[in-house]
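Common to both upcoming complexes is chain A, partnered first by chain B, then by chain C.
Now for the complex of A and B:
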């Protein structure tokens, strides 16, 4: 069995569930959820057994378009994990979500994530821009539906429309960029583009124009400034599980593509390398600032996390702009992957708490956190850890990721960007800790204990433990991600 | 990778030393509701095993096993590694033996406490952190555990946090230590910078002998002095030296076993231990050595003066601890001066500060546990003027207390305290320019004899001066046993055989100087004689109305002075920060954009107002900016 089989299985399972919904409406939500979650869990288990055994085993007919390297395997694993977590969150949120749908049915909610997951997994391994585009659209179109899922809520509808129109616009920009790149380099594969750009006779301005459109299109997907304006509205309007999916899954998928694109554009001897790097630095610094500073004034936790997601994207873009870092011994792709892996548990945990509060009839503002310390000490502690980690407190997962980014900025002496990143991190401590203070303040809150089911308890505990473990002992994860560098170092030594 | 068996034992025992108390602390933290009374057993068990392990480690070969490569980011790394040498083995013995006895004693002392699980959990956390300090092979690791010790001390001082004074005291201890730790961190970072990122003790030592630090000590003596003083700041905080000494007396709000273990024998001595570990840093700067010696001497004298007018039995002992720590710090400075001149290794076995640390740890822990037994018997009465006549009611406690008092006063030739104090005064005598410090030391010895005689006579002799004191009975066996064991160790500690096993603690002055000997014996006679004459058979302090005594009783008004200082500086700082906030946050961040937005009118508001058209416009504008940047601006900037 190959990894591709697992992906195809997921997509087919998604379609089957959709058909069941259409033709057998009597089957209960619980069954569909169980099928979907079970299928994803099975896929995850199979994926780990397959991925650990074989290094590159794709069927011959997809090999021209896809390649399994360690980065691809990592992102595929990440996609599966986040999909599983999101499906579970959807199951948790089902009671309140069903109030907002037309007939109280939710089954697309359990089938579309599977298709998204397959798309993200394909994207992770794609080696040319057309494959990337197809996989990206598979993901994005599914998200259009998911964002607007709570049809009876005005906010959700508005978010859906905004996401659809702006998304479509950005897709157009992306295709335009691909076309320019093809025109300038005569190739659509990352390898071909990189090779063509290394030749001095390639004309520079068309390549630059193509790069600009390409980065703008992808920048929209990962919420980079100045294409980030949609994020707070969409995050606020979409149902909590979908927001989670957007902020981790969609972002990770966007970044794997961005990593490969940037690597192709700034490869050795690339004629447009310095310009692209400089642009990324500017955009990254701008993204950090435009994410962190407005976040200070937010009252809604979802909007806060939206801005936070923008600023995290800024750090990741800065990491990409730096290229390989000597001090940390990691490639920029490795740093981004590490950062995203640490970003997953803390974001999911924050949204999980939000979901629990929502299911218990609470709102989504910071003031709704008040008294949480009394109402559920476990959840309060977990949320504190998640927020501290998002801020980048040492000994939590979020610290190491930020540390690597700062190290690579210092390595390359990008002082201006470093200053912006520092301002962003400092602002981050302010707004995350404002939420933490709310957790432990008691005024004006109800004192009745929160009802927690066992799954939420276990889930919150596991995620919190992961945050601490990754923060205290990040080396194993770091090592799995540094392998490609060693290989690259060896290759360049010869 | 296969290890030779030798290596396995050399790294597995230290690992066990670290992990056992950590495990105990974690288990108690997570499962105290389920385990209840078993928590006490777990904590004691781990302390006992640690004691056995540190006994097994005595006399083993030196080693430096790497336990865990904690953080590795390219060239930068923080390792959890252990240094097993004469110094850490000796200190481990002190920490684990006293730790174990204190655990035992606490079973009796804390029997009726409702949250003794929390108490024993914090004790285990303390044992873990203290072990980490003692074993650490580099300054980063030491700093991490340094902070952990601070945390566990905070938790234990504030164990009875319902009492406002205990909550205040724990906060005070924590904040005061922050100041010291800040200096410590700066010192570490200075060494980190000067030695190109290596702050392992071995690496620093080698670099001072021949390497970058050797050169910078020559070229930049001021830099080296500041680095050494930064490191010393850490010790000033933790070992409660002047001017950061104010937290230690207040820390007596914690349960008495905690005072014995943490605030007398081990944690407060960690500062001295660290200074001896970093002896080569201090040696490199004679100016720093001089300052350190004087700070130690002044602390010793000042604390002894204050102790003469305290009425709380624990506070007298606390000030005496301060005073004795001052002796040790003075010894560190003096030995560094001596070694800096003569090029012999100050970290060699037999540092007088370590010897005094070792003898002091046992007799002071015993005195504190003894005072704990007294307090327990008098139903938590701590005022010595409300005790009296306890010698008859509590004979065993009386005898052990007498042994401790004799050691602290330095009764010549038979007590451990005499030998270790002689060693320190001997160095002061030998070092050029050390004679003022020698006389300060002798004066302190005289005051020590005075206040200990005062306390001993008032508390144990005469008539019972309160209801509680007249009904006092002997402490239970679980509290007597640790006292007796500590008394035994106190008596044995100056004995040659004991000193040989604990190489670090052996004094290297085989022949004491006769001048020094005569001076300190005279000091003892005068001090205790005066104490006996003044306090024999008194029911209240005859000196209390003396203005000088009032100054001592009020601790030289340090607390009041600091309150004023903090108020002036904090209010000043707050005023400046408010100003910055008004101008920067309110003005530039909040008002200015609002003003600009108003000026630009509806178009700007439309963009920020959530309208889809606005977003689309922004997207397009952003795209144009990106294209403009990459095609027109950046290519020029790049070349």
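Now for the complex of A and C:
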């Protein structure tokens, strides 16, 4: 069995669930959720058994468009994990979400994530821009539905419309960029583009134009400035599980494509390398600032996490702009993958707490956190860890990734970007701590204990433990990620 | 497993246990006591444990990351042992004096701060040294924001100011450390191991320009954490607002982290940078700001907690003076003063907290004549106040004298340079300390009592923490060699580097 079979299985399972719902409307939500979660869990287990084989490869008919390097395997695993967590969150949120749909049914909620997951997994392995585009659209179109899922809520409708319009626009820009790149380099595969850009006779201006449009289109997907303005509204309006999915899954998928694109564009002798690097540096620094400075003034936690997600995207873009660092021995792709892997538990944990509060009939404002320390010490501690990790405090998962980014910036002496990153991180201290202080604030709006089911308790504990373990002992995670580095180093040495 | 790991983990485990529902006071005081015994034992055994070793005693290392090489490495030299002793003493006093009616979070926060401080002082890996300090900052800020004195609006604003200052300070520090580690990288390998970095610094020192730039960045980063003038303005409101145990632990112990970092990282790794004239002169200006300007500011304070908080900022100037001189006498004096100041300010904040609990105000002009009703309390306060002024026989005196003498002679140079002028200026600080402390003492304890404002002597069990701290002040003041004997060669190697750096700098100037 190959990894491709698993992806196909997921996509087919998604379609089957959709059909079941259409032709057997009486089927219970529980069954659907169980099928969907069970299917994903099975896929995850199969994936780990398959991916651990050295010889795992793709079937011949997809090999022209996909490559199974370690970066691809890593992102495929990440997609499966986040999909599983999101499906579980959807199950937890189902009682309140069903109030916002027209007929109280939630079936697409359990089938669409599977299709998204398959799309993200394909995207991770794609080696040419057309495959990237098809996979990306599979993900984005599914998200159009998911974002506007709570149809009876005005905020959700607004979010859906904004996401649809801006998403369609960015898709257009992306295709435009791909066309220019093809025109300039005569190739659609990353290798071909990289090779063509290394030749001095390739004309520079069309290539630059294509690169700019390409980066703009991808910038929308990963919420980079100046294409970030949709994020807070969409994060606020979308149902909590969908927001989680957007902020981790969609972002990770966007970044694997961005990593490969940037690597192709700024390859060693690329004629447009310096320009693209400069562009990315400016975009990255701007993204950090436009993410973290407005976050200071937010009252809604979902909007806060939206802005925080923008600023995290900024750090990742800065890491990509630096390229590989010789003195630290780290590739930019490795840093981005590490960062995203640590970003997963903290973001999911923060949204899990929001979901629990929501199920308990509370809002999504910072002041709804008040008294959480008394109402549920477990959730309070877990959320504290998640927020501290998002702020990038040492001994939590979020620190190492930021440290690597800072290392890269210092190593390449990009002082301006470093200053912006520092300002962003300092602002991060402020707005995350505001939430942490609210948790332990004594004047709580209510003192009754929160109702927590076993699954939430276990989930919160596990995620919190993961955050601390990754923060204190990051060696195993780095080991899984340094493989591509060593391979790449060996390849370049030959 | 090294005993030092137990020292670091014990408070963290205690905090976790209290969070899980263990009886707060019993667990908390019990652990703190146990830890003090453990640290005392380690200090007692230190001579034999470190005999024949060039570096640290009680070492152990657990690798957590390969590249950059980071390991949870602990080890103690004389400096680390003295500061661990300070942490253990203040932690015990701080948790002991917490009123039984306070919620468990007071104990949890105190132990987290203590654990972070132990970790920072005992780590021999730059990453963990930095990380443990951050760990201790979070509970400090949460406690100021949620349980501090004053109304909601005010304490929140104080907490934010502190968060922003310390957050930015730590980020500058982090940037400096990252640069430092990068400069010492070899062949695509980075290391955070202090011993490896030291070896590299000895073998191939960095170019002088790089050294002084990094040293300056680190001075600003560490300096913010120690409230070095003009980056000090967070400190006084934070200490005056913080709940008593947090004020004791932060001003007494955690603040010393910045000074410790300068001695531990900057002096050995960047000697030429730290002792180059530009960094030195900037530091001298800043520390004189601490001593003279903050001295005047302190004299003007109208409330006891403000007096103590500002005096704590001011006294950091002396310690910086000791570092800036870099002679062995001055460095030893600086470490001794770090210890002494930690004990004395913790004692004063503890007593002031008790007073606030009983009377509800600390306004100097509303208080008076307390001495007649509470003789024990008065004597204990006198110990702290007189130590803080620098009265002979109490610990601070020994430290200050060593700093002044060591700075004045400055490697036997006969020239009367900026450092010597700074010493002359700094000496006036002693006079100012006497002015504000004696004035505060007089207006609180002497004269006639105001109606309704009385304190009673603490009960026997409540006296223990304060008597402990006062006794330590007396013992360390009369027999400072007990502490100073713990240093072996660890400061001597530093001063060698400093003297070479200073002499090469003077040569460069005279040529």
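Following the convention adopted for this analysis, the second predicted complex is superposed on the first by the 489 of 494 C-alpha atoms of A that agree within 3 Å, B and C clash if a C-alpha of one lies under 4 Å from a C-alpha of the other, contacts with A are read in each partner's own complex, and residues count from 1 in each chain.
Just so it is clear, a residue touches a chain if its C-beta (ideal position, glycine included) is under 8 Å from a C-beta of that chain, and two chains touch if they have at least 3 such contacts.
Predicted, not measured: the structure shown is a model, and the values here were computed from it.
Peer 1: Let's test your reading of the overlay: on chain A, do chain B and chain C clash or fit side by side?
Peer 2: Result for chain B and chain C: clash.
Peer 1: Scan A:170 for contacts with chain B and chain C and give back first, second, both or neither.
Peer 2: first
Peer 1: Looking at the overlay, what does A:329 touch: chain B (first), chain C (second), both, or neither?
Peer 2: Both partners, chain B and chain C.
Peer 1: Once the shared chain is lined up, is A:393 touching chain B (first), chain C (second), both, or neither of them?
Peer 2: In the superposition, A:393 contacts chain C only.
Peer 1: Could you tell me if A:429 is touching chain B, chain C, both of them or neither one (first, second, both, neither)?
Peer 2: second
Peer 1: Is A:182 touching anything from chain B or chain C once the two structures are fitted on A? First, second, both or neither.
Peer 2: Neither chain B nor chain C is touched by A:182.
Peer 1: For A:276, select first, second, both or neither according to whether it touches chain B, chain C, the two together, or no partner.
Peer 2: first
Peer 1: Who does A:144 touch here: chain B (first), chain C (second), both, or neither?
Peer 2: After superposition on chain A, A:144 lies in contact with neither partner.
Peer 1: May I ask you to decide whether A:96 touches chain B, chain C, both, or neither, giving the answer as first, second, both or neither?
Peer 2: Neither partner.
Peer 1: Where does A:227 make contact in the superposed view: on chain B (first), on chain C (second), on both, or on neither?
Peer 2: After superposition on chain A, A:227 lies in contact with chain B alone.
Peer 1: Enumerate the residues of chain A that count as touching chain B in its complex and touching chain C in the other.
Peer 2: The answer is residues 326-329, 403, 407, 473-475, 478 of chain A.
Peer 1: Could you list, by residue number, the parts of chain A that touch chain B in their complex?
Peer 2: Going by the criterion above, the answer is residues 161-162, 165-166, 169-170, 173, 204-205, 208-209, 211-213, 215-216, 219-220, 225-227, 229-230, 233, 274-276, 278-279, 282-283, 293, 325-329, 403-404, 407, 473-475, 478.
Peer 1: Which chain A residues qualify as touching chain C in the complex?
Peer 2: Touching chain C from chain A are residues 326-330, 373, 377, 381, 388, 393-395, 399-400, 403, 406-407, 410-411, 418, 422, 425-426, 429-430, 433, 436-437, 440-443, 472-475, 478-479, 482.
Peer 1: Give every residue of chain B touching chain A within the complex, in rising order.
Peer 2: 69-76, 589, 610, 612, 614-616, 618-619, 621-623, 625-627, 629-631, 634-635, 637-638
Peer 1: Report the residues of chain C in contact with chain A in the complex, numbered from low to high.
Peer 2: These residues of chain C touch chain A: 19, 63-68, 72, 105, 127, 130-132, 134-135, 138, 141-142, 145-147, 152, 156, 159-160, 163-164, 167-168, 171-172, 174-175, 178-179, 182, 185, 188-190.
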